[in-house]
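Listed below are the structures to be examined.
Shared chain: chain A. Partners: chain B in the first complex, chain C in the second.
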Partner chain A sequence: MDLLDADDDVKKAGYAWEDTYKRSWDLLLEDEAGSLETAVDRLKQQLKRARRTLRFGTVRRGIVRNVVLVLDASAAMAEQDLKPNRMETTLKLARQFITAFFDQNPLSHLSIVVTRGGLAERWTQASGNPTDHIDALQSKGPTRDLYGEPSLLNALSLARTILAHAPAHGTREVLTVFGSLTSCDPGNIYDLIPQLNQDRITVNIIGLASEVHVCKAVCASTRGQYRVIMNEDHFDEIMTGWTPPPPLVREDGDARPRLMEMGFPRRRKPRRRPVSFLCACHPFRPEQRGFTCPRCLSVVCELPTECPVCALTLVSSPLLARSYHHLFPVMPYVATNLVASTHSALPPSAFAATILGGVYACPSCRQPFCLDCDIYVHSHLHNCPGCI
Partner chain B sequence: MTGTLGAVIVDLNPLGWAQLARVQKQDDVFEKVLQHVLLYINAFLGLRYDNHLLVIAACPNQSHLLYPAEPQAAAEAASKPKPVNVYEEFHTANEQVASQLRAVFRQQQAQFRAAGGGDDDDAAATAARRAATSPTATAAEDAAHVAAHLGVAKTSATAATSAMASALSKALAYTNKVKVARPDMEIATRSLIISLTPDNPAEYVPLMNCIFAAQKMGHMLEVCKLHRGDTAFLEQAAHITGSNFIQVDDVSRLAQTLLQVFLPDQETRRWLVLPTKEDVDFRAACFCHKRIVSVGFVCSICLSIFCAPQKECIMCGTEYDISSLPASLES
Partner chain C sequence: MKFYLDDLPILFPYDYVYPEQYAYMRDMKRALDGKGHCLLEMPSGTGKTVSLLSLIVAYQLHYPERRKLIYCSRTVPEIEKALAELKRLMDYRHAQGAKEPFLGLGLTSRRNLCVHPDVSREKHGETVDARCRSLTAPWVREQHQQQQQTGDQMNVDVELCAFYEHLENADDSATIPSGVYTLEDMKEWGRENTYCPYFLARRMIPFANVVIFSYHYLLDPKIAELVSKEMSKDSIVVFDEAHNIDNVCTESLSIDITRPMLDASARSCRALMDKVTELKASNSEKLQNEYSRLVEGLREVQAARETEELMANPVLPEDILHESIPGNIRRAEHFVAFLQRFVEYLKTRMRVLHVVSENSNAFLQHVKEVTFIDKKPLRFTSERLGSLIRTLELSDLADFRNLQKVAAFATLVSTYQKGFLLILEPFENDQDTIPNPVLHFVCLDATIAIKPVFDRFSSVIITSGTLSPMELYPTLLGFKPLVIESYPMTLTRNCFLPLMVTRGSDQVAISSKFEVRNDLAVVRNFGNILLEFAKITPDGLVCFFPSYLYMESIVSAWNDIGMLQEVLKYKLIFIETPDAAETSIALENYRTACNNGRGAVLLSVARGKVSEGVDFDHQYGRAVILFGIPYQYTESRLLKARLEYLRDHSNIRENDFLTFDAMRHGAQCVGRVLRGKSDYGIMVFADKRFARQDKRAKLPKWLARGVTDASLNLSTDMAVALSKQFLRVMAQPVGDAEQGTQGGTRVAGRHGRVGVSLWDEKMVADVAAAERIQQQKSAGVLQPGTVGIAALR
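For the complex of A and B:
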């Protein structure tokens, strides 16, 4: 019944072609010189800003994520509507995604599963090391061994077994790129949905062809999202949208939050060189430098790890700090009616001194910023240079 | 080979300088250090025609962009007569950087005296004596103690430290703007931090944000430390961005360190074996009391760090699973 309700909601929203007709060219107005450049620039700026503002908002997010990336490797992925073909594009975007994913979600784990010829196959074990996954994509990806039909059921079942071992305090997600319009399953996929829900697994699917009912049904009933791409840029945008930690939406005791005790060790080098010593984690491997556990002072050779002597989780503070900008987001700047046309038009501390265009101000410190600084502050720096 | 946009961030905390003067037994240590820094700046500008300089002062509560000067001030300076036998850029940089640094430094000293309501030299002398007699007490504790003693207890945490995150944010935003404005120009960028004060734990998150932004941009954060306080965050900055962290104990050797370690550009450095600090302090600051901790409790939802276990996360409001908490909190 749930599925039918979900369908009704979509119908109420209406189709794009039923919408009132928008005269998009009315937005373009010529400036005094009869050129459209100013109007186009303004639209570009609005677009750039819109992309950012969407992501703003303080919500509880699950930063510790357990993710299975499912890639379709069936014959449908050899289709050349994306250049050079669907698989190559997917692999390229997957590599970008993995780098960004570990950048934004420290302490998370990822595993890659592919499905072809009616089977699902695990490419990488769940691990927190991005190089493992990128290497696997590079070494196994270019074989272009695309055949048969994918199996959504097998892929999700395999993902479920992988995620079953994930610790209870993290999210459990399946992110799927699905190029085929068919799925060759050994059983009824609707029987799997309650099991996925029981294990609180969220399934998200990107469709590369057109909308498929079963994909939509699986996503809707596991509180995931089903998106169908329009072009390569859109594909990139959706894939990038998966990188920030998702807001916690599952009210059924989503993740059981825990307070984890962690140690932040110092890296030490023996005073006299060359001296090798043995670390506590690899008894037979001499090391040149190591990290000392702050609780028991035993030496380990790499981070993050668990102290083999006192079982304290050892991490470096930068690993955790990568996610802190989600907790302290910079307030979005508001557009002012100032225009940075000359140097003298702005207060001396303005960062907008040399660039033409709109001027934006921080709502708390009232400092003016140019568009470039606005975007840089909100997408990379995450500090307002005027406030701190 | 490309040009370099080099930012020099000078810590102008009056307390830090007073302590340095006592430790080095030189009253005019600021002027001496300034001469060494100017020497470095000249060498940097002279090294390549397309090297660009940025000078930022980090003060206790704020930071100031000192060079390049504001358009009006620059125009004013340009109208003054210049000596004919000096390379123009050396002259303008020397004049402006020196006068601006001196002006801001004097202003900071005056502010500090006004806030303290007394002669800070005496207090600094006490601090220096204590530092000399008890090697275990850190400079940070001393500085905080001095500030508290002077009756500026309210600002004691900030008075003893400088707004390094603010200075770095400005340097990075400026660097980014230069890169965006001239996408065709290849330019290497880096920042040299001349540190006089220990880390301010309250700045942990902004400072780490700066470090990651710098890392993404390939911007090296180099640290030249002139004091003996705790600088876990700056150590991490140098480590993460793959650059050098040097502690200079004798100020008269500052120029040598600056020229030898911090002058070569990124490309040349690959062929040099430069000294750096091998020990890196990976400690973090807790969110509840802003203390630097080596063992902390981390929220599994938002990864906030706390120095003691608690029932509910103060950042995201999550209530923790009872079974995971230590027995003392369960009741």
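For the complex of A and C:
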């Protein structure tokens, strides 16, 4: 870790006395063969990370997601075990997450809730526009003023009221980043769990310090996942794990796909001279860009959204296409026994950006790939360049 | 699963067996084969009870001797647990096609077994006993019968217990079908068939294959004589959770007498006297009968009673005199006068305002000089009082409890001279000015009470999670074990983290040593440890202090320097008190706080109720902090006397015993947080003396194995950093690193553990074969047929 992150460390390093007690000799260990185990471990982890995002076979996924992102803004988030502190790291990763989230789930809605001082407040309204949320995260909001204890009960109750209005065909998820080890609740949280289940809400929690029983219990009983981070990379990994849509499980065991009414609105033709007009969704804000609902012809300013007049779900076809890849993921590449030492060992058509590590091949087109390309194809491209 | 130990087929009710369970069973079998005693230490949460029961039940049913198992545990919940485990095992055996008649029973007090609609509603054990006796005593029943015979049904005012009557009238036909009965099953069965479960259980004990009850039924001579006398010699006796057994032994023969007790005794004497005069006037024939019976001898009297355990002799069976009662106490009025004199004598002794410590001989000598009471009649006091109470047909014995204690004291003090001491302490504390005298009659020698058990039974198994250092127990209890073994815990991840914190973050050494314990630096550093761990530990955190006194002083000091307010920011604080009811409320709220995510700290005492009987598994105890070494209060005269005795008679140095005692309690405390392989917890030993070799060497093997050199001499911040990392690693999900447990969670993530911490049938067979070969090699010659019995190691 030290070797590879050397550059980053120089930038990040604080004063020595601010650092917690570290036994640095434990980080680098030689095994019998004399190689550096930690360095190897890191490569292994990379590989694992690439594999993690792969889900095999066709699974029904809820590509229309309604998500409430709950951020803990209690005093515990000011701890400096993540640099510069837990909150800053969380905000940074949350921004990445939101970008990736809307990239992969363009039909989804997200809302941010912040909890501190025993209360929970809604920071951003549910919307499908990533910039709203990212702006909020960057602005001076409640997340810069950390005090008190979080309240899991209040946060989940608020999330429940937000998600109550979400349409039935989408998933309802609460994604929580929880730094504190306590939760200061006004009531019994175990009374809330049946209500969450009734509303089909899944609660996922990332713990930043250690395993807290109540979080585990809530996640387990709402079919969510509770994970505790080991370090910043692990945090990133878990948070990234939230981006692909979760497999859809219906309690009633109904496996039939549900049809959903959608409209593909037409963009209002741009005039030669830009003219401001009012849209149906933000009545007091002049807009320059708009889409016309194909059913009621009212104008909305952004996609995807629900038509405020006729309640039709409005999407654009490129967005729908982007969600599509989750249903047909690229097959995992298999490791070959080929070891690439130089580019010349590979055929000239090979997709290999770097030559370190093993060589992987697509099972259908047999094209070789390097590790980095493998990760890139599966995490971003979602199409095998060899097969196309 | 099924596997073989030598030729013995064992049905084990789980699919996998832990290696340590296998070793445990193997060594226990060795002891049973050799008809010897054994001392086995196995960490808690590794399925000790189930392996013990599987082996012994298999042993019983395989070999023709059918040796009975007497399983002794400490508390009623533990008895319940063992019974449930036994029931599970037998169900499994039945499912596997082993159909055999088998009876397993638990025995406990009337309070837990009574089904009488009114009596069972009573809360206190003594009230239940008294009320039960008033319904079932022979003379009450006789009276009832007489009234019925006289024919006036209207006037039958003597009530009886229908359950008991039915059982009594059923004679020998009152048996229960074979099977395993938990206490609740027993009650259920009693209710359905209108048999009294308590007396039924007692009656069935001779026929049962497995009997599970409390230590006292074997160790306390008052009860043991009645319950356990019919056990055959080749029974297998097991003492579970036996790390405190020497104390149980000494306590069963010790008596404390206080001023109020003597006053009550004097009152009882007067009441007795009144009764005697009354009876003499109305029915002097009865007293005459008693007198003549006493002339004939004691044994016959004893044979007449069956249900009367309260009047039992406090002396061990072989010490009871098989002679007739001396003449001067045969007459009832003489005896009561005799008792009065003795009580008055004790009262005068209590007036002394300085500490007196003397042995029984000196005491008896003094008694003789002052009151002319001889040693011999004193020895019969208890028996004689029992006989008198029966003659007077007193059923409400609660009033006579104190007098009985005094009588028991008289009998004990005149029977035993060696290993006992009388200590009179006029003041509770040295600073007190108002006298509150207590006369302690203490047994110093644990061997006295347990000797009959070792003599009578061929195989006695003493087992617990914490028996280290094990060399001391044979000396303390006076027996020669055939097998002494301690087992480590096989783990695929290290689920506990022992940390010896020897200094605070400011590098000041910390210790609960008397000279420094109240230093501000030490108090503050102890407080810092609590604070830091309260910050990083999720859910429950348990702290143990050496004594209530020290806990009070340090908690008030923390309050003064604002430490408690700091801690309260992170967790709620609960404190154990000597009051059991208060403590149980605190515990309940502590558990609630752990469950709903508020988090809590429990401050308790290393020798209190919490440290012994309460488990802090999973979220209820993620970390335990031991503030200081839990030494006993060394200024106590009782302890000093015991230490002196041990030094003179058993060659155990004072310091060795004190350290041994402190470390076993320490280990017991920290062991509270780890109740199974899926559990995890941090164990903080906060005292610089823990780092020393002599202390560490006395930790149980499984615990000592987790102590690495790196965790030996830590400051607070280092310990906190290690703990943080540990907690993160432990929080990683099931499947990555989870331990195998035999319960429900074992399905997930089994790969990687099988072969390490779990063995299936084939592996057990392989191991057994390898062991056989090994042992044949070491024996030098191959002798087929003898292989099975010889030692496996």
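Rule of thumb we're sticking to: the second predicted complex is superposed on the first by the 233 of 388 C-alpha atoms of A that agree within 3 Å, B and C clash if a C-alpha of one lies under 4 Å from a C-alpha of the other, contacts with A are read in each partner's own complex, and residues count from 1 in each chain.
Operating definition for what follows: contacts are C-beta pairs under 8 Å (C-beta built on N, C-alpha and C of every residue); 3 or more make two chains touch, one makes a residue touch a chain.
All values reported here derive from a predicted model rather than from experimental measurement.
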*Determine, under the contact definition given at the top, whether A:Leu152 touches first (chain B), second (chain C), both, or neither.*
second
_chain B or chain C, by number of chain A residues touched_ = B
*Can A:Arg267 be said to touch chain B (first), chain C (second), both, or neither?*
first
*Would you check which partner chain A:Asp81 touches, where first means chain B only, second means chain C only, and both and neither mean what they say?*
second
*Have a look at where A:Leu312 lands relative to chain B and chain C in the superposition and call it first, second, both or neither.*
first
*Is A:Met230 in contact with chain B, with chain C, with both, or with neither (first, second, both, neither)?*
second
*Thinking of the overlay built on chain A, is A:Ala73 touched by chain B (first), by chain C (second), by both, or by neither?*
neither
*Just chain B (first), just chain C (second), both, or neither: which does A:Ala209 touch?*
second
*Based on the superposed arrangement, let me know which partner A:Asn188 touches: chain B (first), chain C (second), both, or neither?*
second
_Touching both chain C and chain B, counted on chain A across the two superposed complexes_ = none
*Residues of chain C touching chain A in the complex*: 535-539, 570-571, 594-599, 618-619, 622, 710, 717-718, 720-721, 724, 727-733
*What part of chain A is in contact with chain B in the complex they form?*
60-64, 106-107, 169-170, 248, 255-269, 289, 291, 294-295, 303, 312, 316-318, 320-328, 343-344, 348-349, 351, 353-355, 370, 372-373, 376-377, 380-385, 388
_List the residues on chain A that touch chain C in their complex, please._
20-23, 81, 152, 181-185, 188-190, 207, 209-215, 217, 226-230
*Contact set on chain B toward chain A in their complex*: 65, 70-72, 163, 165-166, 169-170, 172-174, 176-177, 180-181, 203-206, 208-213, 216-217, 232, 236, 240, 278-284, 293-306, 309-310, 313, 315-321, 324-325
